[in-house]
Every structure is written in structure tokens, then in C-alpha cells.
Amino acid sequence: MSTLELEQVSRWFGNVVAVNDVTMHLGPGVTGLLGPNGAGKSTLINMMAGFLPPSAGTVTLDGRPLQHDPEIYRDLGLVPEREEMYDAVSGWDFVLANARLHKLPDPKTAARRAIDTVEMAEAEDRDIRTYSKGMKQRIKMATAIVHDPTVLLLDEPFNGMDPRQRLHLMDLLHRLGDEGRTILFSSHILEEVEQVAGRIEVVVAGRHAASGDFREIRRLMTQRPHQYTIRSSNDRALAAAVIGEAGTSGVELVTDASGDEIVQVQATDFSAFVHALPRLASRHGIRLLEVRPADESLESVFSYLVAR
Amino acid sequence: MSETTPAGAIHDIGYRRYEGPRLGASYIRRSLFLETLRGSFGLGRSARSKIMPNLMFGVLVLLAVVLGLVAGYFGMSELPMGYEEFVFSMQVPITIFLASQAPVAVSRDLRFKIAPLYFSRPLSRPQYVQARYAGMAAALFVLTAVPLTLLLAGALLAELPWREQLPDYVRSIAGAAVAALVLAGVGLVIAAMTPRRGLGVAAVAGTLLVLSGLQGTVRALAEEFGDAAFAGYAGLISPFSLVDGVMAVPLGAESVMATPPEGFVMGAVFCAVAALLVVGCYGSLLLRYRKALR
Amino acid sequence: MELPESLIRTDALTKRFGSVTAVEELTLDVRPGITGLVGANGAGKSTLLKILLGLLPATAGSASVLTLDVATQGPAIRERVGYMPEHDCLPPDVSATEFVVHMARMSGLPTTSARERAADTLRHVGLYEERYRPMGGYSTGMRQRVKLAQALVHDPALVLLDEPTNGLDPAGRDDMLELIRRIGTEFGISLIVTSHLLRELERVSDGIVVIDGGRLLRHSTTASVTAETAVVTVEVTEEPAELHDRLVADGLAVRREGVLLHVEVEGHEAYDLVRDAVADLGLGLVRLERQRHRMTEIFTDATARGEVHV
């Protein structure tokens, strides 16, 4: 339907290699592009939007290369990070102008639909310079979706947004994603990505470090032992039982920040441990109150990938 | 009987509360004043920042010393250049000093948005402006008063009659004080309007030089047309000639100009303008810093 | 050292700028501790902070900080309060040490004390040899630390932190949050932390104040906002269909969400049922976790209730 494919894409600026041999396939739904500052996220997005040609490799949309193809812009929408906009125009005029630039058959209807989708109808007649940051962001989005693109790219869209604005945007992206569009947004704030994206693509220093659901990525990180936090009715007995298993390299009884006692387990064989745990607890009559992977958060996955 | 000393001890280097004195806003204002004054001569700053101000200071000091030596060596009956004339002729180094240091006093805090940090402390906005203004003015005063004093010393060593020298000297010191206040005000206001560093320096220097040139041109034209009064009022245009005018009438000093202001009315006008300028500059700075509150 | 009983108290505090009302009828009683301040981008939060620092007069109502009246005792308040702004505010040509010493003196500390406090404070925020270098070359993380140091150097009773994790990468955020937590608990200093990132506030703050359109939307303890629900989430390595059916057969109410099963738990027996079901079916238990409420629910609930304007 709407697949954006990058094959061995690199982009350099003089000696600086901003993107290094990245292969990525983006399909319908919402994908988060995650990476530290300076990892090459903006460069990647600009290449996906067709603004920047790759120095090596190809970027294609449904098999068509992006370069030298103005028609491609019918299917692509970009919401860039930069804030500058035409100040002295009203929101409505701005979106309408964009609709006309796209040579849409019915620009007014399209503009109407776009503005309603981003819920800016109330303020559409005011000049853009009177808008708050969040409102400007929404108008930018309206211009990016006015031509009903199948692919939507957003560069750090949540930057500086307060919780309510963020919820709004997340909601909007989910809706658009559910409609079958391919949506990619970039961020360096894990909290934002976790809540919105089904899939994540991680870039570190220009390299493509990982892709998929972050939990799956964690499970694939076999070189690193898994850490588990367990609360039970008899921590010591559980600890003794668990260390007896082959897949466990370490067990520790700890008092956590709130004063509760917990068992922390280092498991070298993930599968063996998770299968053994309920068995052991059942056999010894120990009630399990909480079993939690301690290092599975996106933060942990991320710091591991960055450190490699 | 010796005390048993402990085998080892771990000292508490955790967070300590501060129970000491908290000196109020007056101390803080004085502190900021001193820092501004010292900073204008590069003290407490990098080596590179010491070059320009001290170079200018050196030029004035050198000239003062040379004048004294010349008077002594040639056994002159009066100084080759009078005290008032000295300050007026030194417009350029004084301007360069002000142009390079005013941005340091004022633009930095605005450019790097440090102002909110000052205002979230006990110092009020007026007190902050007072400290900066007074500091800059004090620096300019030191810049001119020290060479003037050296000039006096040179004159006395050249055995020029102290009865003649002293009143002139005192008048010029008073003039230096007025000049310091007026110039500091103008320089700081221009610098505060142009927070970008290079721009501030150029703006201050440019403005003062242009005003000086304008003053000269208008005066010359007026003198051409034989209108001495108008020529006298032309002195209001440039801060240096303004100060000269203030010194001429109320202080009775000998003006550098061919057509100085004369009479009570002109003198009053000059003084009023000078006073208004100082007050106006102070007010402008207050307004500028009100915007800076985050 | 005793913490004052009341940290911040406002009574129908209102501030208008012409036709714009930035703060409206705000009545608050903030206790000592670490309090998160959340609000929409816009006039509300920053205006409130300025009023509390005694820098902006209120249009109506009153406020006190550390039992000092903001209208009449502004300088006294600013003597005891530290402020860490959101934006960049460090000159590039000066070292951290020089800067913090200067700021200490600007808070009224005599020179010797200023030097000692500056050195100590820089150590507490984690700046070591770097402190002697000009700040122009500092990383964002180091800059944030210096900003924090100048806010702490005069030993305030209260520090206002505006988006302290702004611009930091995940590791840096962790460090900053740890530091904030330490300051609030070990150093005994109360903190107001502004942030848009609710997860971070959940980690660090004891309570939360939510302001929307200048009005108070919510003021609760973090504990009450993140209380446990009656739902336990179960995740196994295999497809959960079998487990789902087994648990239903055991008499539990189970809802499926992708790979996760959400089980309603009334008594603790349910835990044993889950454990045994997993063991019997030979599945791997990846997660067994009681769900907690999240701070974002304040916003979703409020929007649903029509309390906030979209």
C-alpha cells in the first residue's frame, strides 16, 4: 500500500557521515524514529521526504524512487521541526494556499477537512503570529495532511508540548495510522515514543541500531543478562530456589526505594528462567506478587544500543 | 596519658546548611558596583580583555606624564595643554574605552539572558541598574581623573604656581565627574539596545563619533554666519561638548570652544540637559531591564 | 533543620494583563517536599512563578512563600529561594566556579563564604575538574548542573526548577532526576519542578499541581494519582490464548490486549491461580504486574469531563 523503503542509504556532508548504511522498511501504522541528538534523525527524515538526495543507496515509495519526481509529493507530507511560518496570514488562508499549491480539485473542502482534523477551526481566522506554539504545530500538520498523503513524516513533533497537547497529537497520529497511513515521527524523548509507536527504529550516530517492538528488541539482546525484580511471599526461599537453576547467574535480596523487600535476579538464559520461575514458586508454595523485567524499559534498551 | 586516637574516621562531607551572614541588598549592590568597576579595566577577567581598556588608560596616563615632563624640561610658565583641554582632546581614547566596556557591563547580561538570575535574587531592578551605571561611571572617572592628577603632579614638579594650577585642576575633576555620568549613561543605553557584542562596540563608538562630528559641523556653520549664541548651543549635540559647556558657565572653567555658552540662561540650559540626560539614561535602562525579566 | 510548615500558599490569586487573564482565582497550599507543576504552555505557570518571587504584583488575591508575603516581602523571599530557569543563561567566557561564586555574592554571601559554598555546591551537582574551564565548551548536561548549582549555592529553603531535564539525553535525564530526588530528600530542600514529562514527575515528585488556563485543575499527592488499580497484567512468552481460557475457567475476569492479559484481582488468591495456571501449561512467566494509575489520566479524564478546552 504505502511502503517507504530505504536500501543501504548513506548521506555525508564533507567528512561528516550523518547517515551510514541504513536499511529500513516503513509500512502502515505509526513508527517512532528514536535516537540521541545528532544521530541523524533529521537527515533521514529529509531524505525520506525527498528533500535531500542520498549520497549512496536508494529511497523509494512503493517502489518509485523519490528523486526527480514531483508527483511523489502528492503522497508525502512533512511536518518539519523548524518553527518559522508566514506570520501575517490567517491559519485558514495558509492551509488553503497549500491546498491550492497541491492543485487539489477541491481545495476548500480539503482545507476544511484538514483544519477540522487538527481541531483548529475555532482559531482559523486569526493570524498565525497570534498562535501559541502548539497551535502553530497543528496548523503545520494541517498543511501536511491537506492533500491526504499516504505517508506522513514528522520531525520532533512533540518537542516542548505540554501533556495535553501531546495527548492530542498522539491521538491524532493513532487515528491517521489506523486509517492505513504510514507515519513516522522522530524523537529523543523515550517517554513520548513509548506511548505512541508500535514499532521503533533506533538510530545511533548515523547507524541503524535496531528495529521492532522495544520488548522484542530487548529479548534479542541475548548478550546481556536479563534482570528481574520479584516480590513474593517468601523472598529468601524463592531466592534459594532460583539460584539453584542453571539459567540464573545471580540473586540478590534488596530493599527498594519505598522500603519493600524484593528479589533481584540476573538471568543468563531468559527462556529457562521464565519457565522455571512459576514452576519453582508453585512447587515451594511461594506466592508471586510481582514479576517485572527490571531492564526492559525503552530507556534500558536505548542505553544498551547507544553504548554498543 | 595520651588520648587514644581513633584508628580511622570518615568525615561527613554531605550537604551543609549555610548559617552564616546574608548581607542585604546594599552589600549586593556595592559588590556589583565594584565588580563592574574592576571589570571595566579587565580585572577579574581574561587576559585578553585587559588589553583594550588598559591600553586606553595607558595612552591618557602617558600623555599626562609627557605634558608634565615637557613643561618641566622647557621651563614653561604653563602647561602645554590645560586640564579642560586635556579631557576634550582625549575624546577618542575615552570613546574607545567606553565602547569596549559598556557592552561588557550591560549587553552580556541581556545577550546571554543572565538577567533573570540577578532578578530572582534580593537585588531589585533599580538597584541593579544603579550598580551597573555607577560602576561604569566610576570607571570613566578613574580613566580621566588619574591622568588629570598626574598632570597636576607634573605641573607642580615643573614648579608651576600651585595657586593657578589647583583651581583649574579642581574644576576639571568636577568636569570629569560630570563627563563620567553623562558618557556612562549614553554608552550603557546604546549598549543595552544592541546586545550583540560587536554591534554594541560599534554602535557606541559610532554614535559618539557621529555626534562629535555633527557638533563640530554645526558649530562651524554657525560661526560662519556669525551667530555665536547658536554656535554655543551647538555644544548640546555631543556629550563631550555638553560637559565642556557645563564646566564653562557654572564652573567658570575656560572652555575649549571658540564659542562657548555664555550667560546664565545658556549655562542653565546646559546643566539641565546634562541632568536630564543622566536621568533619562537611567530610566531607559530600567525599562530595558524590565523586558529582560525572562 | 526544620522545614517551614507552609511552603507556598495562595488565596484566590489572580493576575490579568489587560484582557488576558494569566492566573485566575488560584488557591493553593503546597507542603514542603518535591512538587511537580504541570500546565499548558502559555502564560499561567511562568506568571505564577514571577508572582511567587515577588517580581510581579498580583491583580487580586494574595500569596505567601515560606510564610512571607509576596507583595511586601519580595527581597526576603528571593533571599531564601533559588531559581533554575529553563533557558540558557550562562556566559561562555567565564568558568563555572567564577560564575557560581559571583551568583553567591549576588545572593548576599560574603566573599569567603561564597567561595566555600560554590566549591561545595559544584561538587554536590557533580562538576569536578570541568568547573575551572570556561562554560562555552560545556555540554548540555554540564550546563544544567551549573544552573542548578547557582540556584543552590545560597542554601535556599525552596528551589524553583523550570524544565530541568530539557535538552538532556536519557542518561542525562536520569542523572538529573536522581540529583533532584537527592536534593529533595537528603539535602532537605523543597523543590517545585516544572515539566511536561509526567513519567519523570511520577518518579521524582511527592505531589503534583496541575494548572490549566490559569486555573487550578488538580492538586494531589503523587501516591494518590498513581495508586494501584485492581488489575494485574500478565505476560507470557507464548501466545496467551490458552492461558486466557484457563484463567477464565478458573473463575477470573480476564481481558486480552495483544500479548498481554489483564486480570481483575480481588483477593490474593488470584495470584496463585495465575501462577499455577502458567506452571501447569508450561509457559514462561515474563511479567506479573499490578497496574497503577498514571499521571496522564488527569488529562484524559479532564478532557473527557469537559474540564479542559481543546
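Some notes on this structure:
The letters A, B and C name the chains in turn, as written, and every chain counts its residues from 1.
Assume contacts are C-beta pairs under 8 Å (C-beta built on N, C-alpha and C of every residue); 3 or more make two chains touch, one makes a residue touch a chain.
The model shown is predicted, which means the values in this text are computed figures rather than measured ones.
Taking the mean Cα position of each chain as its centre, A sits at the greatest distance from chain B.
Taking the mean of all protein C-alpha atoms as the reference point, the chain centroid lying nearest to it belongs to C. If you average the Cα atoms of chain A and of chain B, the two centres end up 58 Å apart. In whole angstrom, the spacing between the mean C-alpha positions of chain B and chain C is 47.
Centre-to-centre separation between chain A and chain C, using Cα means, comes to 24 Å.
Not a single residue in chain B touches at least two other chains. Across the assembly, chain A contributes no residue that touches 2 or more other chains. Of all residues in chain C, none touches two or more other chains. Those residues of chain C that touch chain A in the shared complex are 38-42, 167, 169-171, 174, 196-200, 212, 236-237, 268, 271-272, 274-276, 278-279, 282-290, 295-296, 299-300, 303, 308, 310. Interface residues of chain C facing chain B in the complex, by the touch rule stated above, are 1, 46, 50, 53, 55, 74-76, 78-79, 81-83, 85, 87-93, 98, 102-103, 105-110, 113, 117, 120, 124, 150, 154-155, 186-188. Against chain C, the residues of chain B that register as touching in their complex are 14-18, 20-25, 27-28, 31-32, 35, 44-46, 108, 112-114, 116-124, 293-294.
Residue ranges on chain A touching chain C, taken from their complex, read 36-37, 119, 132-134, 160-168, 188-191, 195, 271, 274-275, 277-279, 281-282, 287-293, 299, 302-303.
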